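Okay, so subunit A shows up in both of these, paired with subunit B first and subunit C after.
Showing the complex of A and B:
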């Protein structure tokens, strides 16, 4: 009986050992972590973002882009709560991650000191320029909210006909929304020829009539939004009802509505319907209504892993794919150099991602360039406008001039 | 002058929708003295059922609105039967704690569906051009919201004043033991209160969903946003909910139209309703139309 028990134990141990062994001897598993809002506020952006990250890492492993080595990225929901993000991050540290992907502005600002302390390279989904202040380890994937808002403001100044254009900023009541306000004000102080008439922080409004009428009475001709799609959709519907939406850019007596990355995309068109026509939006991502190599790859990736059309065409899915691309590329480059993959090595790889070593992910309108002094990945932006229910490119990709002038 | 009247119309529209959203709170409180903190979740559930029936089951939108109200009526009744009936006679705070738990359960269930993290939009079914008169405009969706609110308020007012069941509900609200002693079924009354609250929540959800689009975060927030309306109106008064809702709507629109952006003031539309609430509660602790109970000891 005793021999029988020992045999069973040996068999179980052998199976456990075999299961724990990598598929091929010498193959390594690189642990990464992502904490984001899959449920709760902003989960409409977080959910496709998570799917983008998940799908791209699966693709890297399935296609053996890192040879026999694999990426194991743990993705956890933080419900948009910084306390949960912190807990997730600490658990990821215990798991031995070498790269961390974060999400919200609040948690990125809140955990900035932690990232510094443990010297962890981090790419958040928040493009808040303030993330980079007093920080060495945070890298923005694309142009900051400030750059986006300034880019839109520059477009207004260049294309406005008549006296100094009057602009209002419509922002989310949070660090995320307020992020670019000061920088736009600095750009105006530095000579950007427009007047900021008001900065409106919205609530969960059912009706923006009073706000729109007020802006109209002050001759505001442009509204630049830094928030999420839902409040912009309500505002556009109200503006449409009041007959205030400009049919052409800068139409006199009307308002031209514009917005940064998280205000636009297919969801805005779905929520606002016809009222979204002629809405101007900027982001660094190439979107699927403007097909190209990058969007083909994005759609193929989504199809490969069984995502529905809504996810496949979401710019936030592209957003998630792109940050995963950057992380995988850093690992790949370090491996090519024969280095052991550690957080320190990946940090150095990100800093070296410039000049001839810039990374071209094809999901964005420009290359990803990082250096010791530049932690903003894609500097280039593309302007889009809604035409017949789809976002279409307006002009060529551009880099805002005043972001450099206000540094 | 049209500026002023536009603000009045918008204030009434917003206020009516607040009142409609607040109805569920009032209906439950009126009969059981319980504050249902999961009310926002029920509003969202009603809106999603309505959307699902319209878009996925191809039910004509007006019928899907009605069906969603009926389905939510029975869902809310079931919730009361499963979770709350056992708490009859227990301290009110225990029941309120259960509604907090209920909030988490419904959140969790909705997060399992696409509604938890995606945006949806009702297909347009009303004329897109607004009704405009003398420079004042109102969209058909907003007008529909106002009409639904006043119809439901009228129906519920009649129900509580004239129908036997409604009078039973008021009796239970006054004194459960005395009501039982004259043959009123307290469990049945509680079930009905939750059911009618569910019905009104579904109506509110469908109206809000048509205005803002369907976003879970936005929809369930209305359970909290209308809280000042409920308190100001007096918790157990239907008329109070309507009057307080319209007062809040008007204050928000006038604050936004005349104060915000002037004299360095911003965000007054969000803050003023709460200031007014505090001031009014100092003067009238039971709200505008709340029952002022006198306990003899």
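Showing the complex of A and C:
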């Protein structure tokens, strides 16, 4: 009887020990949060972005890139509303996140004070240069919209033949769109040889005939856009109908259309069709229509988690993967140094991501470098142009010169 | 006098004064006192996280705004589709001062009750001005006048540099007797501040409706010519209805600014005006209790639809973006269903429930 009792106790102890095992194995879960527009305005970009973040963190966990430790990133829809983003952020703080991924320009600007107060490292999907003003904890993943617009303007100046090129800026009526206008104007004042003829803040027009005719009458040869794809697609279709789209860069008597990160990509080609031909676009991300290591990695990741072709080939998917890569890399580096993963430690890791410690994600055309004075990740840009319905690289990656001159 | 001051049964009004009492029986008063006490003490027993407190605070902000909208639309019968702009006027009053004198200025951080009152007054002035067309306009034409105010407001804020072109203008953290209200206690603090404001505003409206001016609102709504013939001034009544609505909206706006510690254009768009109207309709036009039910119902519905859309987006075809449509669809459906089947709103359900309880144990 006594032996039987001892056996029972031993069995109970063993079960208790086994139940306690996972807790004592030392595996940690790092909580992260992402709030973005999965529905509502700009959800066409938000959806693949969310999938990119989700897939990469799943990959990190599945492949045990952090050993037994895992990343638990909660993704919430904010419908592109700052009030909902704020609510999501408060929820994430209650959950004890150590890193936050944000989305829109409006919410990043609106929550800037909160990020400062709680000392939370943040990477938004917005590349608005204004995000960095009076802010220590916001890090842009790639070159700002301002740098992109200046980069495009520099390309115009370098490759235009004839007199001073006349340029119009076509921007979204918000801080997101207006941000680069002042910086391009500053670059012109600093010696960038072009003339800004007009700054057009588009509305929800479904016809741009009048605007295009006006630009034509003012001899505008280049339009640089800083907005989202749909207004650009409307403009390109109208320009095509009017026979205004330049067949080659800078074709005389025609207009060459160009744009920053969120104006381009496969969605633009899908929306504008043939009218998108010869559209010039800049971003720091690799695109899947160009073969390379990054493209292979992106497509393999998307395939691994069963994403369809639309998501797999989206530059916004690459965008999401890249920010997840940066967050995971910061955690990995802190772990390698034997530090406990906290928001303060991850902030320090981001600041140290430069020089020999620069991070090379294969999803971008250059390295990610952050420091105390530089919160823009990838400084390098790549110009792409649509050829036969696909974006193709134009020249080599470059860093705009005038961004430094106007600082 | 009543036979039993605790029961409604068997009590009859013998004077007009009795009919105008806030509480008809001692039981009503006790229930109200109990309910208010519960509202004030529950945070001591139930700890909610910041996100949920923010949701509750938002409902209370909307309640204050709807108290105003119910005055102008429910009681005075003047449809306003620019109410979010009036709330915006209140919010931007604080934001503008914050921009001019600095968001850490003592007026912003210490004299915040004064700022809230000031915002209410500015809202009232704008309300009065926008109400002026009501002297000559009615029905659809008045709707257009209020809509134009909404448009002008959005354009002004969105394009003027002074208003940061609609981007967030920050408002500093406030101080209380215990010092600066920190991040931890921020939402709880504003819960109490909003609750006090809601109670004061609700009693103000209840009292207004007992006065000559309150009865004028209803009389003008029912028949302004008859009201005119009886010696009332319909024009003046309409203007002060708008001014009062602007006052409440201004207070709601200022409290929204302090709650979010910043003001951005996107909280005061036409969509929000429509949402305020929906809250009024769903709650019950022309009823005080409807001003509480409407915001709570619409905001809770919004939260549930948000969750549904977030879940549905994984199953619906991505190209059609159907999940985005769920929110406006459910919102519109609720308004239509209420207009068709319960035009008196949730307040009517409350009235039915109350009359049942009053008569209990008798059926009639």
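We adopt the following convention: the second predicted complex is superposed on the first by the 383 of 407 C-alpha atoms of A that agree within 3 Å, B and C clash if a C-alpha of one lies under 4 Å from a C-alpha of the other, contacts with A are read in each partner's own complex, and residues count from 1 in each chain.
The rule is simple: contacts are C-beta pairs under 8 Å (C-beta built on N, C-alpha and C of every residue); 3 or more make two chains touch, one makes a residue touch a chain.
Keep in mind it's a predicted model, so treat the numbers as computed, not measured.
Q: Give one word, clash or fit, describing how subunit B and subunit C relate on subunit A after superposing.
A: Superposition result for subunit B and subunit C: clash.
Q: Is A:33 in contact with subunit B, with subunit C, with both, or with neither (first, second, both, neither)?
A: neither
Q: Please indicate which partner A:273 is in contact with in the superposed arrangement: first for subunit B, second for subunit C, both, or neither.
A: first
Q: With both complexes superposed on chain A, which partner does A:377 reach: first (subunit B), second (subunit C), both or neither?
A: neither
Q: Would you sort A:83 into first (subunit B), second (subunit C), both or neither based on which partner it touches?
A: second
Q: Just subunit B (first), just subunit C (second), both, or neither: which does A:310 touch?
A: In the superposition, A:310 touches subunit B and subunit C alike.
Q: Considering only touches as defined above, state whether A:217 meets subunit B (first), subunit C (second), both or neither.
A: After superposition on chain A, A:217 lies in contact with subunit B alone.
Q: Output check: A:179 vs subunit B and subunit C. Expected answer is one of first, second, both, neither. What do you get?
A: After superposing on A, A:179 lies clear of both subunit B and subunit C.
Q: Applying the touch criterion given at the start, work out whether A:47 contacts subunit B, subunit C, both or neither, answering first, second, both or neither.
A: Touch status of A:47: both partners.
Q: Determine, under the contact definition given at the top, whether A:121 touches first (subunit B), second (subunit C), both, or neither.
A: Neither subunit B nor subunit C is touched by A:121.
Q: Among 39-47, 93-101 or 165-173, which stretch of subunit B shows C-alpha clashes with subunit C in the combined arrangement?
A: The answer is stretch 93-101.
Q: Touching subunit B in one complex and subunit C in the other: list those residues of subunit A.
A: 38-40, 43-44, 47, 173, 310
Q: Using the touch definition from the top, list the residues of subunit A that touch subunit B in their complex.
A: 38-44, 46-47, 173, 197-201, 203-204, 206-207, 209-211, 213-214, 217-218, 229-230, 233-234, 237, 241-243, 267, 270-274, 310
Q: Would you tell me which residues of subunit B are touching subunit A in their complex?
A: Against subunit A, the touching part of subunit B is residues 3, 6-7, 10, 13-14, 17, 107, 111, 116-121, 124, 128, 130, 137-139, 142, 208, 211-213, 215, 217-218, 221-222, 225, 252-257, 260-261, 266-267, 269-270.
Q: Show me the residue ranges of subunit C that touch subunit A in the complex, using the header's touch definition.
A: Interface residues on subunit C, with respect to subunit A: 49-51, 54-55, 58, 158-159, 165-168, 170, 183, 187, 260-262, 264, 266-267, 306, 309-310, 313, 318-319, 321, 323-324, 326-327.
Q: Of all residues in subunit A, which touch subunit C in the complex?
A: 38-40, 43-44, 47, 76-77, 79, 81-84, 86-88, 90-91, 93-94, 106, 109-110, 112-113, 117-118, 173-175, 178, 310-311
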